[in-house]
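Labels run A, B, C and D following the written order; every chain starts at residue 1.
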């Protein structure tokens, strides 16, 4: 049922090239972060694709990024340096963490594309002034997109694009809702393919497939046991090998807090009054990346609510090695979950994860939260 | 064999610098005894703003405090391990971990228990800044925090929209300070502090510019001890006055041909913060007749610069020098925002290109033979883009040596290997040890 | 002019005696715990082969991590010292004049050197902390797989399979190897994976200095054909393991002794 | 071939006194670790026989060998075993095991058996990993932490050191106390760095015992950091191969300011995982028979 999505994910480059063939004159924009307003990009007639790594060891980034920065940002840059995204017409990043910003700046210098744009997304999204600031920056971004594509971005086009993106978000939430069932009709791996592929395909295609899936999904019978219901929390995560391993040892992932997951699509843009302001508000209010979750810790109640709504019995907390923003949240998250009766397991991710040692940790965690009958 | 001999002299204002620093940490600890207030925040925080609360408001800035801890290896390890045992990752900013450790252990590096601040006043440009005090506040049991998001650069692309974002937050900050401390805010004191900051940071740039002279009147190890005053309270009259005094002395040294290193025959600069516990590597280089004339770090963290009419880099003209009279709060805040956004050490957050350009400029104008880059595991913010800086400097024709370490965590610095690397680098520069 | 170069490595000591640019004597031996004593013996061996006496040597240059030991007073008094980086480049270009990139991988350290036609160092990189221990790692892995170290490289050449392995930390990579062992992975595949992981780290380091042809390989790991293959694969270019890989540094030192 | 100082003795024993044939439940726990493989044979939840040997380069073989050796001379045949639980790194690849359970659960369960139900904290120091485990009065895990990268390879690291210094591995611990004053720990527990640091120290003229003391205390310190993160509650016990190294063990106790329960003379602490596995096997048989 989700094979097509896996296919999109596995063959992301083929998809984008095909898209360009079918959209003469259409441009593809590589995005380094999910704070890039997809609404604006679609309104310009451009396909945004999230730039992700390939989970393969590489040796090309060492001259460009010092090894203490997160493996994800190096893996992403490696894709560019190895010319795997040679079809991109432009790249953009919205301000989030410094790690990924290096992948962007090095890409800009060494894999030049026609267009590159740094969008200064405010870090203090909790400030009352963040909205008007971001609106101003969205306006500048809109102007840059217009200049680049030659397409005027009218309010009408922005509304249509918002509807397109919102629909996709809404459909994914409907799929997620089904994971609340006692025996979810899908695996966490499938959910991962769904959300990640939505970041690299045309929302028209993706939503169409989602509608089809939503018709069949409620009645789907799984030929596996649900086992322990787990939540997964952390940074970027498209480590399918890891997810597969977790779900093969007696667990099902039922919900996540990842930017390759719920953080990207959880809330919709509510069109009220000025269109750009409405869109800006959506990005200010979305579930925050830890780099923007201050001075108040708003991620904590959000994560807890997800855990409760989806009836998670435990949480796996993952973090890209060296990821400072997540490292600065994790002790608070572990403490908060524990206080609320949800045990957690912390793991540090690299480009390739050592499946063996991690399997031991995950299995031991599952034994810890279950297997009472052996005592 | 040995290079030209230059006369050397100890800096006259050395003791004064030491005294200012000692008083600073003492005043912070004793603030309450005098009915004053204590605040904690980063070395980059806009300290001129809380200065408007009165003259008895004493700060402690986290980075130099973390560096102070690094000089005491035993305490430093205990602090970092205390933070680690609370679950904070070992690869986080080492200043931050030391600072937290000092809170957790409740030990102040200058004696006694750690003095709890009345409020926290921070700004945010690297991923750790705001979170540093978010956690510190939690560890202190909930000290109020205000943090200004200053990540609105780079300076050459600053727009009204971006300045407004900063200034609006600053206005909110003043309202917050009044509410949090119950004190009445003085715009006059704010205006004075803004002037002081502009004066101090411009003067420091002027001092650094004097190091273009051959022989260099200052070497980097001394500069660390001097620039640090700016990281403590760049907005204070004490520091502005001290830098003026220092400027005069350094001018005099240049005039009289006084050198920092008697056998200067090779000029280098370093970058990012050094491993504080191992400043002796600079002394080691001097044995080859190699002087480190500074770094973009010492020049640009406290110094504020501009391109002069002749195309060279010099101190930025201050509002006072321009004859500008600051009339009101909003104007003061706008000047402060603009001044800070132009800080050299804030530019590389947006692109390593900007930093490379500045470094190449220094290499040319300060007549360098080579550059040492400290790949600093302790500071994500300043190591940002360092590998690209290396490529750019090499492309511009400057030999570069890199070494890995950590400004505040000695467990990540390998002295023997670094010395070995310096030996090789000196050989590539054609230098032998002077006996 | 007769000069000598002495290379005091962590595992072995190498001595080369040269006369007017030609090698007339050489000797290699283990460092042991007392490097100075070992150095004396090896030095004498080289002199014997060169048929010269200590008095005939006009200049001695020491290199290698233990060079300070020799410089400190002792029967062999070196005229000067030079780092491995400088000596390696000089020696490599002496043996292989077209060499522009020199890779030296030993038990604990690896380095990449870019040099010009005269053997002068243009740029160099040594491995960072967490990418150390290529030699140590191979030894430990050979033991875990119950394969003799000498055969470990050859074994890897029997495999054509690529198993990605975390390239950074050797110690942690070891637990990945253990996992592979327990998952019934053929030994040859594991061996190849180990060699690929090391080659990947060395390549990473080399890319920092920028790789110029021709590339020559010296140091202990160069003797391992599995490693040479993995490195070729990773760099996608030809690499020449120097036949005189052991004495490149000592030769470089002997040449430099003549220059001073 | 040079002497292999790292090689520790392999051995087996039959400890059961009554006739195994009178037992109702006969189980085996097989712990195939990264460095050593262990089998515990239990009769009605009492240790009957065991073996301890080096893990080979093939885990089904290692499992079979250690099982065969444990059964040797007992008269018990493999088919007499009602249930076999595998644990350790190789647990996923023991074809004849009925079930696999992690070494974390098994060590906690085994420690509960060896030292009794007052055990709350178990430190397992194995060949590749270190684990700090907290458990309840039944021996069920309530929390655990495993070492991070920089402290991996504990047991293997000790082997590297014993080889480097030419000290038989069983003597490392005792020898490390033959110093007048305790030296500063080596700065790293990373096997690679510790080894090069140690070489440097030897060349500076440090005697072997001093180098060993510095390494043992570095390792102890690292382990204590791990333990402190979980929080040590009494009773505290240490299992795994390194637990036999008093050089590390005593330094752990000293730094923690807590003593571990003394080694139970009846049981080799390296067998705790295998015993835990055999006990789980018994519980699983009982569950099936219900």
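We adopt the following convention: a residue touches a chain if its C-beta (ideal position, glycine included) is under 8 Å from a C-beta of that chain, and two chains touch if they have at least 3 such contacts.
Predicted model, so just to flag it, every value in this text is computed and none were measured.
A.B. asks: Which two chains meet at the most C-beta pairs?
C.D. replies: Per-pair contact counts point to A-B as the maximum.
A.B. asks: Could you find the chain whose CA centre sits the greatest distance from that of chain B?
C.D. replies: D
A.B. asks: How many angstrom lie between the centres of chain B and chain D, each centre taken as the mean Cα position?
C.D. replies: 50
A.B. asks: Rounded to the nearest whole Å, what is the centre-to-centre distance of chain A and chain D, using the mean of the C-alpha atoms as each centre?
C.D. replies: Going by mean C-alpha positions, chain A sits 41 Å from chain D.
A.B. asks: CA centre of chain C versus CA centre of chain D: separation in Å?
C.D. replies: That gives a centre separation of 38 Å.
A.B. asks: Show the residues in chain C shared as contacts by 2 or more other chains, in ascending order.
C.D. replies: 128-129, 172, 175, 178-179, 182-183, 208 - these are the residues of chain C that touch more than one other chain.
A.B. asks: Would you give the residues of chain D that are in contact with at least 2 other chains, written as numbers and ranges?
C.D. replies: Residues 89, 92, 128-129, 148-150.
A.B. asks: Note the residues in chain B that touch 2 or more other chains, in rising order.
C.D. replies: Answer for chain B, listing residues that touch two or more other chains: 87, 375, 387.
A.B. asks: If each chain is a node and each touching pair an edge, is that a line, ring, star, complete or other?
C.D. replies: complete
A.B. asks: Give the list of chain A residues in touch with chain B in this complex.
C.D. replies: Residues 62-66, 68-69, 95, 97-99, 101-102, 105-106, 108-109, 118, 120, 122-124, 127-130, 132-133, 136-137, 140, 290-291, 294-295, 297, 321-322, 324-325, 327-332, 334 of chain A touch chain B in their complex.
A.B. asks: Where on chain C does chain A make contact in their complex?
C.D. replies: 128, 130-131, 164-168, 172, 175-176, 178-180, 182-183, 196-197, 200-201, 203-205, 207-208, 210, 234
A.B. asks: What residues of chain B sit close enough to touch chain C in their complex?
C.D. replies: Residues in contact with chain C: 375, 387, 394, 399-400, 402, 404, 412, 414, 417, 420-421, 423-424, 427-428, 432.
A.B. asks: For chain D, which residues are in contact with chain B within the complex?
C.D. replies: Contact set of chain D toward chain B: 148, 150, 187-188, 200, 225, 228-229.
A.B. asks: Sort out for me which residues of chain D touch chain A in the complex.
C.D. replies: 89, 92, 101-105, 128-129, 138-144, 146, 148-149, 280, 283-284, 287
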